[in-house]
Structure formats: structure tokens, C-alpha cells
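Should a chain be cited, it is by its letter among A, B, C, D, E and F, assigned in written order, with residues numbered from 1 in that chain.
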């Protein structure tokens, strides 16, 4: 059992759960799905710097500025940005879902509406005969 | 010597986590799960402290501090939710 | 093996073993005790002596072995001492609340339901704190 | 370091400053807020034009944000394509803003103007950045702003559509991040130009990962561009959005197309191994289907705004048909058509609104409403917009389609391409003619609408958009020459690599 | 003047300590910043804690010592219970403790102490604020438990909070 | 370029007139018709000026570059063919304007009418003088649009709207085919310049693309000229006002197809394919149109079908690919223009005067309106091809040519059928004149009203009829030079010698036309019987088919579109995930390479495996418990805990801190939302769908997990991060490389990131602010607690703890912020910690209590935060550096000692403020509406109690 396997499989499981929940019909489930997906994505992005133990990218006099002394800091910065953005997006979608539920009275992802509201045929074609004097 | 102690510590806390998981999954009540989560946080703090000793660096300390500081907020919020539904009122 | 380092090792190791053992027992208690309100006692051990010992171990280790004076572990203890009783209290309240609701997944446990306090007032979980009393801290 | 050296960053700074200021003043001093917004748009246009002039001779401006040399810091790259997109955005923004202010749509909810400015910041950033992760960030900026704008005015329809629009795009962003992580893991860089050089050195063992990463990235762009079958989110979202907003959104699918045009030749061009021209096998078929679906939608739609929404899909498809050729000629044609179709679709949304405002309860649906003031005038606007959207002469769409036909004639699949482009035009014409004649010609029993006539000021924005199309047709020679030059520049990644990386490019 | 600058000296002292402990090295720079924080934060948060209680330091220190010792002892007792005492032999009980403390802060500290010592959890306060509901994991003689906590903690707290 | 200005004026005049009229749409009709007429007259004059030189052999032309890349130039040229057509367009245009001026009723939108009419004139003129095929296309489609407007002029009539749409669909569609054909033609010929193309006929005919070009071009021509089977739109176009019918649908627009055939004759004609198709189609159309015309009762319908038939004749003649036939066609174009326009106007007069166009209700009008009768009868005679009129000559020319053409290998076929066509045309012509003006009135009422109109109205048709007569009497003097030139221009060679005359002695042609006349007379005599026969035979009607096809397309396209685009999020996501999965598989299969890399793995201790098991279990629990929502949330926070632990373990302290604090805020957010959402809603998805989604989900998980594995097991190559690490301290002044990247190397990303958060805050505010109003408001008011709650709102111990926690947490927050540049921490984390500190107050003491103590508005925090970050960036530019360039230095003060100040700190302050503002905005707002709901609830309670008391 290597750490690499644990992390990779963990990501896989999170993705699977995320996709499944995202495909459910209730907004809250979809939100949960997106949350799982974002965990997976953050871990994935983080993993692009590979797994390194005990070498946080924080300078100390001993180790100086040599790349090999530290784990790759860039993915960490990217993940941090991603976490922030994801948080903003999650907050927004949660409140949007709630708002839409309050407006429509349904927490179905489609607001329980299928099809369109517009009249189904153009009056001109239908009424043509009727209108003729 | 310290190495053995650390190994023991990690093992013990790992086992503790596993026991928490059991309670977490088993329930039966939501409160039991919340309590399990709360305990889990405590054990994770312990693990982080041990890791700090093991690595001999203090960089992970803030993580432990933060957990101790804000970890309870979730627990309280869950409980408040069960008591009142509305956690901020 | 005489000297600070070894002393540090002994002390640290002892504290580590103690702390992690206590934490483990706490989690075990969480599993084995009969109902929520009993289980509630177990984690307190992990919070207090369990983590306390581990943090002490950390202090001792960095102090004696590494010669780094660190005491910030104390902060963790400080925060836990403030927050742990609150979480316990909240969960206990949930227990009380659900006992009254008679929810199937919240058995009363051996102690059963508490008797109401003397006088006509009930427990705060069952009756909103009277205005002006300490229970009405935020002052509704 | 003179002011001119900061030119590339201006289109981002201007709205980024305007937004918080409007936010601060809006509550108390509306007029000032609106003023700031307008001034900001004009300033953006000025900056864009200045850049257009600056780069029209082929120079590529590289601006290292924070003075950290590429590829280590974030770098902005202003070339012909970027300048074109910036000017397009600024002009479109002015039109949309004008309409929003004139029709008072900006008062139908909170924070229209800050969101609008942030939206523009996101767009401009996406067009300027030369860094893939920074592109992601600006995508998020323009998306989150678009969520706000799309929901502006609210109401059940928008909220319902909003949930779908937001969730779909969140999934898109997730995929984007995975692609980015993978690309960084393989190439060790985020700068587009640098990555273009690094992909050539990817060992055989990693070719599979490289191709997967490329496909994921391209699929994200396809989702933004609403390429079938990833187009399902668009129709309702755009149809229900506030018209002024929908008009601005005419550029949103183009962002996806832009990203394709920018990234594929630069990063996944020749020498990218397994990822070389990665969308090649799928782009053309998908584009053909998209164009077909789009104009079929125009044919089937039952309201002007719905038609406009489908026209967006159709035009994107047409556009990508040309892009899929990846030759200077086809790409040049595509860029000309991109500009055209953006204004055409915007005009459609705006005209639909003008009609809806006058038809009261009948809105812009194909149900015959009573006569209304200035019906034939608005009808004329609609006909012009429809002609433009379908690509009939004499408006620029015709020239655009001729350019596409001519440039694709040399390609193997030209038969399909021509068939779809001409066929979709016909379907579109019929569709617009039907709904248009129902809305603007047919009079329901019961004469004029008993409502106070609306001032014709709200025709200003659509008229402006259509006037721009006229100008685009008149100046088609210059415009398509510029488009060709831009295409040639994009298709020669070595140019921008040299400009961005300097001697590192070798 | 001083009272306006230090609305709560005790808190300020605590904050300076916390700060220095966090920074971890004793430089003037650190101390200076710590002092700034110790002044600024209480001033800023004053409205969030109206009517802060005054407390005596010496008794407080003493109280802390007692509590720490009790916690350690109680830990071993509860550990023994968990490990060796079969469930049927367990005698959990609800203790209703009449309160002599009146300020919420004091009651909170009292209840907190009880919770921190393993084996007892403060579960609720009566609506009238005169009784504390405590659950004991194993109390063969509830009355003695009540007397003990009142004697060991409540009495001392009355000295700490004035 | 001598004629440049003339040509430009010629082309521009009608458009300018249209514009002027549109502007003066409110002006009196006289003004508008004056402008229109004036423009037409001026145009005619200009053209007259060109006539002499053009017939003399010069080809005035001018060229302006437009889109060089495309080969689209604005080229105008007038050759004899163009001259003739331009003459018809402008001359008849003038007459039509005069006619219309008197024809249109009072109160009609004359402005719109004349504007559209002139728009059409310009477009039509453009077609015939365009010197670039692409330019020709522009005008070509423009005529379709103009005719759309003119046919639909009477907007209130459904038949007008439908007729307009049908015409647009057919001619516009044909136009699109033509576009294809022309672009191909240009590409094959190597130029889009007409003159050049005309010289490259052999090249074109030799090209493998020739059939495609021919087909596309012919579709364009046939649709425009209403050739079978595209003829059906023309009769429906008769819904237009009569002047329009006279102008577009007889004299000019329908001849555009004929014109183009003639125009491209040298390029396309001469092959068997060409002769076969064009002759065949023309012949069929000629006969078909004539037959139908014979049995229609509506005057305009009769004229429409006769037009179709006559156009068929011209097309057929051009199909012969023989110079003499071209001459015949050209001459007939002239004749037809004259008599058909006259006839349409006469029909218009009749309708105008009698109020009906039904030939069965008319008759004997010759007595009532002699002038009209004379004009119409003469015109009809020319249409019938009776001597001594122009129609006779062109028919003679035709019948003289027919024997020289064999169709389907039968040398006599064309002759026989052409004679039949001629017979039929005599038939319907005789019927038209006979049933209209002679015999006895069939209905009293129309006859009673009937009388000749004023001069203004009959002047135009009279003039045209005179022309038709003269074309018969003195053809050589009147038309010979033009005809010669035209024929020459069409065939692209000097025209053969010819003699236009009524009498060439007795020859086959003469006999055939005598047969035709006789047959026609018989048809008139036996019309009733023939009509009965016709009405019994139900022939398939192309127009019906077209309508059915359109209706069918409409139904099914709509069904399809609606079915596919039902706004269903599940479908959208299914499509998205499927595409992603498919692409990943494709990449893995075609990309090649190894799955597992060579990087040695890190052995995982038991603890890690337990943590992993926790993650898996928690995820599984979230999925399975996703409908017991609170439980799901508990498991979500377990996942968050494990993820944080992962970050701690793999050297990412900053990420751990961020994850931990974000976790808390997210849970609070979700709990706040969950309170108002249904807690455990009924199951929606069907079992099979679950299996489908499950399969997709597992596949996706396996794929992404696999990619992660492949990535993790590979050693990293050289990375730009080396630079970041090397320069963090010397260049960025910080030892926490991650933080230096965030606030310095890639501060630009961070700027965007905080803006995203800020916008999210604004968007959330905009969303929630309206929640109290409208249906949402009423729903909130009706909001019910689903389970009984504890009455205690602010538990004492929680409140007490929160009081001391605030200052402590703020202190820690400040600490984390200040050290961020060098140690784990930074503005974002600090902001979250501080936010949590305040949220604890809200949690403990409630919204009102806490909000009353809030110092800063969240909007201001966001705005100032963004501004602070921007200011840091702009500050650099003030020092002549690029945007967001950082600066730092070390200072020292007595006692305090050495300390660092970095501009990055200011930037980080911006981050801090924005994040704090956004988080507080989101949660405070959310808790606030939750509270409104609770209030609404509380407000209802007493009422309920009273009810209880009453009961």
C-alpha cells in the first residue's frame, strides 16, 4: 500500500460520488455532489506536485533556495486559489438553490418545469383560414 | 526509544479514529455521529501534534491550533441545528 | 545514556504513551458506553489529559531535545478548555431535547430522564430561560 | 516606463477600478455610478483601439505582471487577436450598457453596474492573459459575474435557468482544473508559450496523459462555446436573461471559441505529439451539428428572444466550422464572422426587447398582439437584425459566410460545410420570417395597445449595433484583411513565444 | 483614562501572554506588537462583551491548580470505569445542583469545570438560572457528588468572581 | 472609368429615393410618388445617355475595390443585355409608379409602399448592371427581400403574409443555391469578375465541378423565374397590390432568372446537359403554365400562370443554345414586358372599377369601359401571338427554331410541344379578352359600377400597349439595333444577321402558328367542357406539397428541438460527463504511453490506511445518505477533516489551514440553507436511472483516479517552481514560498480570486435581498418548523464561551496575518479565522445582537479590499514598475529592532478585507432571511393559540 495509491483511489472515489450526486434531481444533493467534486479536484491539483513528506515550502537558513529541498509550492498556491474560488462558487450556488426553492416552491433542479412556456404553434399558420373574410 | 513511543502513539490514535468511524457509521442518533465527529477532531489534533514531534518542525502546529479553535464551531452548529433548526437567530 | 537528551526522550516517550493511551480509551468509551449521554463523558478524557499529555510531550521535546523554547502548545489546551465544555453541553442539550421528543434513535439510557428542578421552572432546554436570569445571557 | 507601456493591463485595470467605485457610490449617488460605468466603457474602448493601432503592424506586446519574467510570473500578451477581441468587447459593452440604462433595466435589481464592470474585467483578462491558470481565474471572474447578471431581475424563470447555468459551469471549471493540474504535472509550466515549447519534449511514456489533458481542456472550451452536445445549457439561459445582459452574453460563447483559437495552435499545434491539433477529429462534425441545431432552433422557436438564443448557438457552430480548418484563410474568415455574429446576436436580443416593451402582455412571443406604436419601424429593425443573423446580403453576415465558403472550398469536407452553411441560412430565414411576420405584421382583433407609448430612445442601442454591422460590411476589406493578419499571427506560435519568452524561446 | 484604554486589564494581560506564547521568542518587537494587540483588541471587542466581570487573580490561580489536579485524577478514574466496569454495574445519574453563583460567566466557568473533569458533564441550566443539571457517569451517592463539586469549585469561584 | 459617376448615380438613385421616401413616410402621397417617379425618370434619362455608346459596342464599366480577399469588388457595367433590362426596370418602373399613385386607396401606407418599391428597383437594377458575380448575388437576394416586403404590403391579410413568406422561402432558398454556384464558378474560373468569367467558358465547362455549378445556378434561376416545379410561389405573390404584380411578377423580377441564364450563356450553355435540362424545364413550364392559366377564374391568377408559361418559353429558347433562339428570347422579353405589364394594369383597373377579379362575374365590359377594353384586348392579342403584334414575331422566331432541337433523341418533340404551348396560350388569351370585354355581363352588380378610370390610371397601360403594337409593326426600326447588340452580348460574339418581320412567306413556322390560333379558338369554344374535364382531373399541386413539407418540417423539427432542449439539468450534466469520460478514454487509448510511472512510492503506515478508510466510508455515506441531509453534512465534514490531514501530511501547512477554516464556514452555510430546504425529500430518480448514473460515476471515478495514479507515479520534470523557491526570499522578501507566490509571483491570480469572492458576495446579496418579497416572501411567511424545537435560543454556556473566544481568535487572526509572508498563514486564512470569530457571536448571541455591534458594512469591506489590492498594484506603476510589482525592505527601530515591511502586506490586506466582507455578507444575509422566516413563524403562533383557546 503506497500513499500514491491511497491518494489516487481517494480522488477516484470522491469523483465517483460527486458525479453520482451531481446527477440527482434535488438541488441539495447536487450541491453535495459539487462539494465532493471540488474536494477531488483540489486534491488532484495538489497531487500535480507529487506527494512529499516533511518538506514544506518554507525557507529556512539550513536548506536555502534549492528546489529539491522542498515540495513543489506552485500547486499549493494554485489549490489555495482554487479553494477560495470554489468556496465562493459553492456559497453562490447554495444560496441560488435556496432562492429558487423559495421562489418556485420546489427544490427540483429544474424547478419541476419541463418544456417551454411559449405557445406551441405560430398563430399565423393556425388562424390563416379562420381570419379570411 | 522516542521512535517506538511515536509508533505506539500513531497506532493508538489511528485505532481511536477507527473506533470513532464505527460510532460515526453506527449512530444510532445524529447526536452520536456529531459526538463521534467532535472526538475525531480531537484525535486528529493529537495526530498532528505527534507528527510535529516526529518531524521536529513546528510548521504543522497552526493546523492543530486552528482545529482546536474552530473545530468546535461545526459541532455546535450541528447541535444547534438539531435543537433549533435555525443556527443563527 | 545519561543527560538531557535521554531524559527528554524518556519524559517525552512517557507522555506520548500516556496521552495516546488515554485518547484511545476515550474513543473506546465512545464505542462501548450504552447511550449518548454516557458516551459524552469519554471524549473529555481525550480533550483533557489525552491531548494535554501529548502537548506536554511536544513542549518537553522541543525544549530539552531541540533547545527550542516552544509553549504555544498551551494555546491549544487553552482553546480546548474553553470549547470542550460547550460542545459537551450542546450535545447534552440535544440528548435532553430528543429524549422529550421520544425519538427512537435517542434512547434515554440508564439514567433515564432528569427530574425537573425544584420550583416551577423547567430546564432551559424545555423552557426558555426567564428574562433577567443568568440563563438569558444574550438578553432577549 | 511610460504610460503607453502599461497599455496591455489597462483593459483589466479600468473595470476593476470602476466596479468597486460604482459599488461605493451607487447606493447614494446613482447618476455618478452610471457615469463611472459609461466612462469606464469608453476608456476601455479607447485602450482597445490604442492597442489595435499599436499591434496592427504585427508587434506583440508582452506585459509581465509584477515584473516577474515569463514563464515564472503571469504575463499578458496583446497581439492582433487580443486587440480585436478587446475592441469588440468594449463596443458591445457600450451598446449593452446603453440599452440597460435607457430601458432602466439596471434598476431591476442590486449591483447591476459593479457586476457588469467585473464581467468586462473577466472578459478582457481572458483575452489578454498568456497564462493558462490565469485564464482559469479570469474565466471564473467572468462566470461568477455572469451568474449575477444572468439572474438580474430574478423571477422564477431566471432562477430556474440560473441553477442549471451555474451548476453546469461549475462542473466545467472542475474539469478545467483537472486539465491544468495534469498539464502542469507533465510540462512543469503554466505559461502558454512556454508550454507550447515544453510539450514537444514530453517523453513517449507520457503521451497518453498529455492527450487526455489536452482533450479535457478543449472540452471545457467547447462547453463554454456551447458546442453540441455541450450546448444544452445555453438556450433557456439566454432566452430568459435580461435583454441587455443577453446582448452582452453574445460575446460569452465567443470566449470559448477564442480560447480554442488561442490555445490549440499555441500549445497543441505541430509537434505536440499525441496532442497535436487535438480537437481536429471532432471539431468539424460537432460544429456542423451545432450550426444545424442552432438554426433549427431558430426555425422552431416561438419567441424572438428564444430565436436570438438559438441564433447564438447557430452562429457559434458556423464560426467553429471555419475554425476547424485551422488555416489562415479559414481562421481569418472565422474571426470576421465572429465579430459580425456577436453584434448580430446582440442586435436580435435588443430588438426582441424593444418589441416586447411595446407589446405589453404579448411580450416577444409569436402570438399576434394588437398593433403598437412604431410597429413597422421596429419591424424594420428586426428584419435587418434577422438578415444579419442569417447571413443574407447586404449585411456583413453575407460577406462572412462568403469568406467561410471560399476559404473552406479547399478543404476535403467542403461539401458538408457548404451544405450546412447554406442550408442553415435557409432554415433561419424561414424561421425569422414566420415569427417576425406574426409579431410585426399580424394584428390581433382589438386594435392598438391601451398603454402609454414608449419613447423610441430604446431603439438607440439596437440601431447602433446594426449601424456597426453596416460599417463592418462597408469596411469589410480592411476588416477581413486585419482578421487574416490576426489569424496568421495566431497560427505562428513562434512569434508570440519570442515576444513572451525572449531568448528563452530557443 | 487607564480604564478607557484597558476596558478589561485581565483580558489584556491574557492577550499579551497569548501573543508572546504564539510568537515564541522574546524580542522587543514581539512584545511591542503584543502590547498593541492587547490594547487594540479589547477596545475593539468591548461592545461584544458588555458588563465584563471583574475577577481576582490569586484565587483564580489557585482554582486553576485544583481543577488541573482533579482533571488528571478523574481521567484515571473514568479510564478505569471504561476499561473494567461492566455496563450493568454502571450507575449513571442526573445531579441537580442548586447554584449560589449568579453571574453567567461564573456559572459558565463552574459548569465548564464540571464538564472538564471526566465523569461529569454539565448538561443544562434551569430556566430560572438557579439550578445546574449535571450528568454523572457513575455516581453511587449523588448527594456526595453534589456536595463535593459545590465545595471544591463553587466556593472557590465565589472568591474569584466579585 | 469615364462612366464611373454615371454608373454610380444610376445604381444609387433608387436607394436614395427609397431612403428619402422612408424618411418622408408621413409626407403626402404626391411627394412620395414624385420622388419615386423622379428617380425612375432620372435613371431612365441617364440610361438613355448610355444607350447610344452601348449599342455602338462600348461597355461602360467602373470598379471600386470592396473585399479583395474575397474577390468581391463593387463593379458596375452596362452592356446591351444590361441596357435592355435596365431600360425595362426603369421605364416600366416609372409607369408603375404613376399607376400606383392613382391605384392605392386613401389612408394606405404609401410611404412604406414606394420605399419598398424603390428598394426593389435598386436591387433589380443592381442585378443587371453588376460586373462582379458576388455583387450580383448581393442584389439578387436583395430583390427577394424587397419582394417579401411588397407582397406582404397588406400585412393584415393572412394570404399576403403567407404569400410573402413562400416567395421568400423559394426565391431566397434558390438564391442560396445560386450563392453556392457562383462561388464555385468564381473559384473554377479563377475570378469573380463577370467580364473575366465570361471569357472562361471552356475552362468552366471542362471542370469536373461544372455539373454542380450548373445545377446550383439553374436552381437559382428557375426559382426566381418560377419555372416548374418552383413555379407555385408566383400565383401566391398575387396577394400583392396590382402595381407590384405588374412590376415584379411580370416585367422584371421574375425575368431575373432569364436574365442570369442569358448572362451566363457563354459560360454554361452549349453542353448537352445544359440544353437538355434548360430546354426541358422551359418546355414543361410553358405548357403547364398555359394549361393552368386556361382554367383559372381570377384575373391575376390567369395572368400569373400565363407569365409562368411565357417565362418557360424564354427559358426554353435560351436552352436551345443557339444564337437565333437567343435573339427570339431577347425579343420576347421585350414583348412580354410590354404586354404583360399592360395586362396587369388593366386587370388592376378592372378590379378597381368593378370590385372583383373573378372572370366568371364579369363580361361585356367593352361597352362599359371601352378604353380599357381596347388597351387590354390589344395586349392580349400580342400575348396570344396574333399578327400584327410583337408577340406574333417572337412566336414565329420560336417555332422557326424548334425543329432544329432534338429532345430525348426525338427531333419532332420540341416542335410539337411548343406548338401545343402556343395553342394553349392562344386559348387562355382569347378567353381572357373574350370573357372580360365581349359577350354579355355575367353578374349585374360589378357591371353596373364599371366605367373607364381617369387618364392617369390608363395612361401607363396604354403607353405599354402602343409599344407592344409598334414592336409588331416596325420591329426593325424600333428594336433591331438593340436586339442585335443584345444577342451579341449574350452569345459573346457578333450576332448573326437577322430580319424581324411579320411576313417571311409561307413556312413551317407560319403553318404551326395558324394551327395554334385555330386550336386556341377551339379551346375557347369548348371551354366549358374542357373546364369540367380539368376539374375532374385532380393533379398534384406543388404548392400544396410545399405547404405540407413546411408543416411537416415545422412539427417535427419543433418536436425534435423541444425534446432535446427540455431544460433538464440532469440531461445537461449527463451529456457533459459522458463527453468527458469518452474523451478521457479516447485519449488513453490513442495517446499511448505507460500507465504507472517509475517514481518509487511512499509506503503508507496503518494510520494512513485508516484515514483512507475513513474517507472512503464517509464518501459512501454521503452518497447513500444524501437524502438524510444533516447526516450527509456530518460525513462531509469528516471528508474535509481527512483532506486537511492529507495537506498536513504532505507538507502543505497553508492548505491545511485554509481547508480547516473554509470547512467550518461551508458547513455553517449549508446548515443555514438546509434549515429552509426540505430535510428529507421523497425519492425522485428511478432505479434504472440510478444504475446508469452509477455506472457513469464509477467509470469517471476510475478514470480520474487512474490519471491521478499515473501522475503521482511519475517523477516531476523541471518546473518553473524552482524559480519561485530560489527567489522567494531574495526576490519576494518572504520565506513562505506559497504565500510569496500568492501575493507576489502570481498576485494577479489572487487579485482575480478575491474579486471572484467579492462578486459572489454581491451576487448573493442581490439574490437574498429580494427573498422577502413576492412568492418567495409569502413562502417564507408560510414557513413551518418541520420538527418541534427547543425554546432556548441562546444557550448560556455557548454565549459565555463566545465572549472570550472573540478576542482570543482575533488575536490569533492578527498573528496569522502578520506572519503569513514568512510562515503558514496570510490574509485569506486570517480573514476566515476572523470571520469565524464573528460568526460564533452570531451563532451564540443571535443575529440582532451581533449585527447591532457590527462596525463595517460588508459591501464597503469588499469594495475597499479590492481597491486596496488594486492600489498596491498601481502603486508600483507610480514607481515606473509594472502593475503589481512588489517592494520590500528591512527597517530597524530602537528597542524594537529589525523588521520588514513589504508592499505585499498591503496587497494581503486587500485580500483580508475582501474575503472577510464576502464571507460575512453571504452568511449574515442568509441567516437573516432564515430569521425572517422564523419571525413570520413566531408572528403566527399567538394566533394559533387563540384558535386553540377558542376550540
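Definition applied: contacts are C-beta pairs under 8 Å (C-beta built on N, C-alpha and C of every residue); 3 or more make two chains touch, one makes a residue touch a chain.
Just so it is clear, the structure is predicted and the values come from calculations on it, not from any experiment.
Show which chains lie in contact with chain A and also with chain D.
Both chain A and chain D are touched by F, going by the contact rule given at the top.
Check every other chain and keep only those touching both chain C and chain F; list them.
B, E
For chain C, which other chain has the most distant CA centre?
With centres defined by C-alpha atoms, farthest from chain C sits F.
I want to compare two interfaces, B-F and D-F. Which one has more contacting C-beta pairs?
D-F
Measuring between Cα centroids, which chain is at the maximum distance from chain E?
It is F.
Averaging only over C-alpha atoms, locate the centres of chain B and chain C and give their separation in whole Å.
Centre-to-centre distance between chain B and chain C: 11 Å.
How many angstrom between the C-alpha centroids of chain D and chain B?
49
I'd like to verify one number: the distance from the centre of chain A to the centre of chain F, where each centre is the average of its C-alpha atoms, in whole angstrom.
34
At what distance in angstrom does the C-alpha mean of chain F lie from that of chain E?
Spacing between the chain centres: roughly 75 Å.
Which positions in chain B are in touch with at least two other chains?
10, 13, 15, 17, 30, 34, 59, 65, 69, 71, 76, 80, 82-83
Could you tell me which residues belong to chain F and also touch two or more other chains?
Each of 158, 161, 554, 558, 562, 567, 569, 573, 577, 649, 653, 674, 704, 707, 711, 716, 719-721, 724, 727, 746, 749, 753, 756, 759-760, 763, 767, 775, 787, 790, 792-793, 796-801, 804-805, 808, 812, 823-824, 846 in chain F touches at least two other chains.
Give me the residues of chain A that touch two or more other chains.
22, 27, 30, 40, 42, 44, 47-50, 54, 56, 58, 74, 78, 81, 85, 88-89, 92, 96-97, 99, 103-104, 109-110, 113, 116, 120-121, 124-125, 127
Going by the touch definition at the top, which pairs of chains touch each other?
A-B, A-D, A-F, B-C, B-F, C-E, C-F, D-F, E-F
Over in the complex, which chain D residues touch chain F? Could you list them?
My answer: residues 1, 6, 9, 13, 16-17, 19-21, 23-24, 63-68, 71-74, 109-111, 114-115, 118, 121-122, 125, 133-134, 137-138, 140-141, 144-145, 147-148, 151-152, 154, 156, 160-161, 163-164, 167-168, 171-172, 175, 178, 181-182, 184-191, 194, 204-216, 219, 223, 229-230, 232-233, 235-236, 274-275, 293, 296-297, 299-301, 332, 376, 383, 387, 392-394, 398-399, 401-403, 405-406, 409, 418, 422-423, 425-426, 429-430, 433-434, 437, 440-443, 476-477, 480-481, 484.
Any idea which chain A residues touch chain D in the complex?
Residues 22, 27, 30, 34, 37-38, 40-42, 44-45, 47-50, 74-75, 78, 81-82, 85, 88-89, 92-93, 96-97, 99-100, 103-104, 109-111, 113, 116-125, 127.
Once bound in the complex, which stretches of chain F touch chain B?
Checking each residue of chain F against chain B gives 605-607, 610-611, 613-614, 617-618, 621, 630-631, 633-635, 637-638, 641, 644-645, 648-649, 653, 656-657, 660-661, 663-664, 667-668, 671-672, 674-675, 785-787, 789-790, 792-793, 798, 805, 808-809, 812, 816, 823-825, 833, 836, 839-840, 842-843, 846-847, 923, 927, 930-931, 933-934.
Which residues of chain E touch chain C once you look at their complex with the stated criterion?
18, 21-22, 24-25, 71-72, 75, 78-79, 82-83, 87, 90-94, 96, 98-99, 101-104, 107, 111-112, 114-131, 133, 135, 137
Mind pulling up the chain C residues that touch chain F in the complex?
Chain C residues touching chain F: 75, 78-79, 82-83, 85-86, 89-90, 93, 97, 101, 124-129, 134-140.
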